[in-house]
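Take a look at the structure below.
Going by the order they are written in, the chains are A, B, C and D; count residues from 1 in each one.
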């Protein structure tokens, strides 16, 4: 007797501010792990970078809370760009700014609208960084997440269910970067030696998607 | 790993306070992380702005001054600076003659400088950009982020800086910078990994009997691990790598660079072997610079950079320069 | 411990070959181990000769040139040079105006320079000697070999060198040197031991959580071992030690010196704390020099040297100097 | 039935050249140990210094062998001064030069004459270095050795026996430096922390005296 698909929570400014909170906590908690991952195939700073960026973003958003979902994403994106640096700053910043702009000033959006906005943001990442799927980057977590999100929504899943599916796909995508050889970013300098290590950016991307799923679950609980 | 610091979070800000205290000839904006040459902008002079992650000192802040950079933007350790820093620096040094961004080729640096260029242009600053990519250890540029920018950055900043000091317009200054980058090659070797404040320990482990060939300057491992070699053998491998790739047919500028943790005593001994190795390949050296200039925190090791020089480049090299880390002729 | 060397036995000779290759402005006698300023002896100018064990680079060879030393004599690593080197150097730089020996206060250095002075005088060279002993970490001078010569050596060589360049006679140059030594104090801290080529590993062991206060520059342990401190705390201990002893009542020259293995990024942060600590004690700083100048191979750590300056010393400090490691005003 | 004191070997130039050989071998063999001893309370170079000096001295003496005992000692002393550096170079160099000069150009000398010459040399060390007994220096091996040598000779012992007694006394003297607090040389900087370590110079001094004893024993065997 499986539960009937039920309508999810309203995706409004408050929802995304809760997401920012969850994401910041997750990044802060996992920072050392992310930096660990960035050591063998990078320069050991990804955790510090993400923590710095999200703490700044949360502070900014708390000081003057934007009220539309789009405004929240744009504000977070701007903060990441102006506080993170490195490769991940402009990339995540672009993702969120593009997605936020896409949502315009609608006070409440559907899961499908959010999905489309995130799709636009991820396209922005691909454009800016020039990476393709399988290059061992954050895209390898983001793209599967988008596909899972789409699939679950098309199958009539609730927002919470769809985002949960996206989180799972992002995790699997991040996990699947381990055997890959990096073709973009610092890890690419290692050539074959990049094989066997999990990509830090794909791992942080999964954290952000998981935070989205958690926010939806708690909202609909 | 013990460090002479307060807390990892304030390492860059603390260093900037120290630079401000030690160098009255520089204007240091600790809050916005921009180091500017006093008196900038200089009437009619093209402004040179560089920057990158911290941990490579004296690069870039130590190269701000007459005949070299007008401003430097330090990021967190091994993390490229953010666009706001470079756009702020551009505004501070633009006399109307435009600004050249000198960018080491790393995804993060390139992306952040690009965004900064957009911001600066929005504010009416004319910006040209040169990307330095001299590291021959990165072999296939198609399946990587491309060659890294390392030791040649010093040559680009010095020679383009001298051109700007002579009053050359933006396109010529940028032209010199590109020409220098194209004429330069580097190869680095690590005897130990470095330790970053945020990690608190070595970024990778390198056993007693081994070294890493073809390392970058961010504590990343190199392309190949080998059994420990002598100074002479390391010189031969390094020289072979850069000469093989550049095939110089004129005297070269030579930088024998220390990664930070190698004593100067050893570095000079290594410089002797590099000269020997170049001489064996019939390559004459016009100028030699030995020291810790493009470092990787406390990493022990070295890099060799050569730049094929012509009359103009030699003149620009010998031109007066007065910065904290490079100074002559004035 | 991995080193960028061929074999321990040739480390000093290899370095001298490198110095020769990199510095055409110096004459390097690799066989007899003497580094001489090109063009010496200079008519009517007092010759300045210093030297000591190797492993402290750029001291002393990096300070040979206009406005500083006329010759330097490098010994084996941490071993004072032999008398023949200094007597040879004296003969090479004496214009008839006499020669000043600048000697760091270590039994070996003092004995060998004394023997060299005898030899030189036998050859008709007038020799004056100044012994540098600025290290306040050596507390009782009666039951020890006396205070060690460390960072103040740079001040003595720079300021006496400038006086000689101005044409001052031997007694005045020696007088300046003694005055500078008396007005200077140093205190050193080690975060790690250094490794000498002959030993092949750390000269003492210093666990992760601890540091050594009051170390010299020869890899010897200090006077006291403490739990690891922050940069600010180390600055306070160092500043307290030198100020307490010198009690300066005029602006000071400040050297924030790296022991070799500490990254410049950290050293500048430490310099900021030293300035803060001096300001808290109402001591104003006239000039600041930050860098690895008087090193102990790859030791991580720092030393603080202050020299109470008067008008004349400030003028001599600002006077032009052109050496491999210290250069300004020309 | 104890053996009657028998006259020792002739102390001539050849004897001292054999001593130089034995001393050089001993220093070469013990170099790493001497450097080890010089690490905790010095600058880890004593072994390298002594090896460099004695190898140079042996080469010089082999090239043109001086034929009187005095000439051999003067030649070795000169070489040490011009090749060792450090504190030990001038000190050992002075010891041997003084002793050699004391012997003048006599082709053969008695043990008593050698003893007096060495006494003059050791006085030179005390003068030059300004160290007193118990300051934890080479003197703490040299002085006991001289006293034992004197005692044994006065008691009518043979050269071999007297030098053997000197060697034993030198060893004991070196051993006895361990509990001392250094008052001269580098070790003095450590103050109390110099206690508990054996002095490298006293140890090398014992090696030189032992080489003298061995040379006599082999000669008289």
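The rule is short, and it goes like this: a residue touches a chain if its C-beta (ideal position, glycine included) is under 8 Å from a C-beta of that chain, and two chains touch if they have at least 3 such contacts.
For clarity, every value in this text was computed on a predicted model and none was experimentally measured.
The chains touching subunit A as well as subunit C are B. The distance from the centre of subunit B to the centre of subunit D, with each centre set as the mean of the Cα atoms, comes to 55 Å. Work out the mean CA point of subunit B and of subunit C, and you get 29 Å between them. Look at where the CA atoms of subunit A average out and do the same for subunit B: the two points lie 33 Å apart. Averaged C-alpha coordinates give centres for subunit A and subunit D that are 76 Å from one another. Counting only residues that touch two or more partner chains, subunit B has 77. Contacts with at least two other chains are made by no residue of subunit D. Taken as a contact graph, with one node per protein chain and an edge wherever two chains touch, the assembly forms an open path, each chain linked only to its neighbours along a line.
Against subunit D, in their complex, subunit C makes its touches with residues 8, 53, 75-84, 106-108, 111-112, 115, 137-140, 143-145, 148, 196, 198-199, 203-204, 216, 218-221, 223.
Taken together, the subunit B residues at the contact with subunit C in this complex read 1-7, 10-12, 14-22, 54-55, 57-58, 62, 77, 191-192, 208, 211, 228, 230-232, 234, 256, 260-273, 275, 285, 288-290, 292, 295, 297-298, 300-302, 322, 327-328, 330.
Residues of subunit A touching subunit B in their complex: 35-36, 39-45, 47-49, 52, 81-91, 128-129, 181, 183-186, 188-191, 193.
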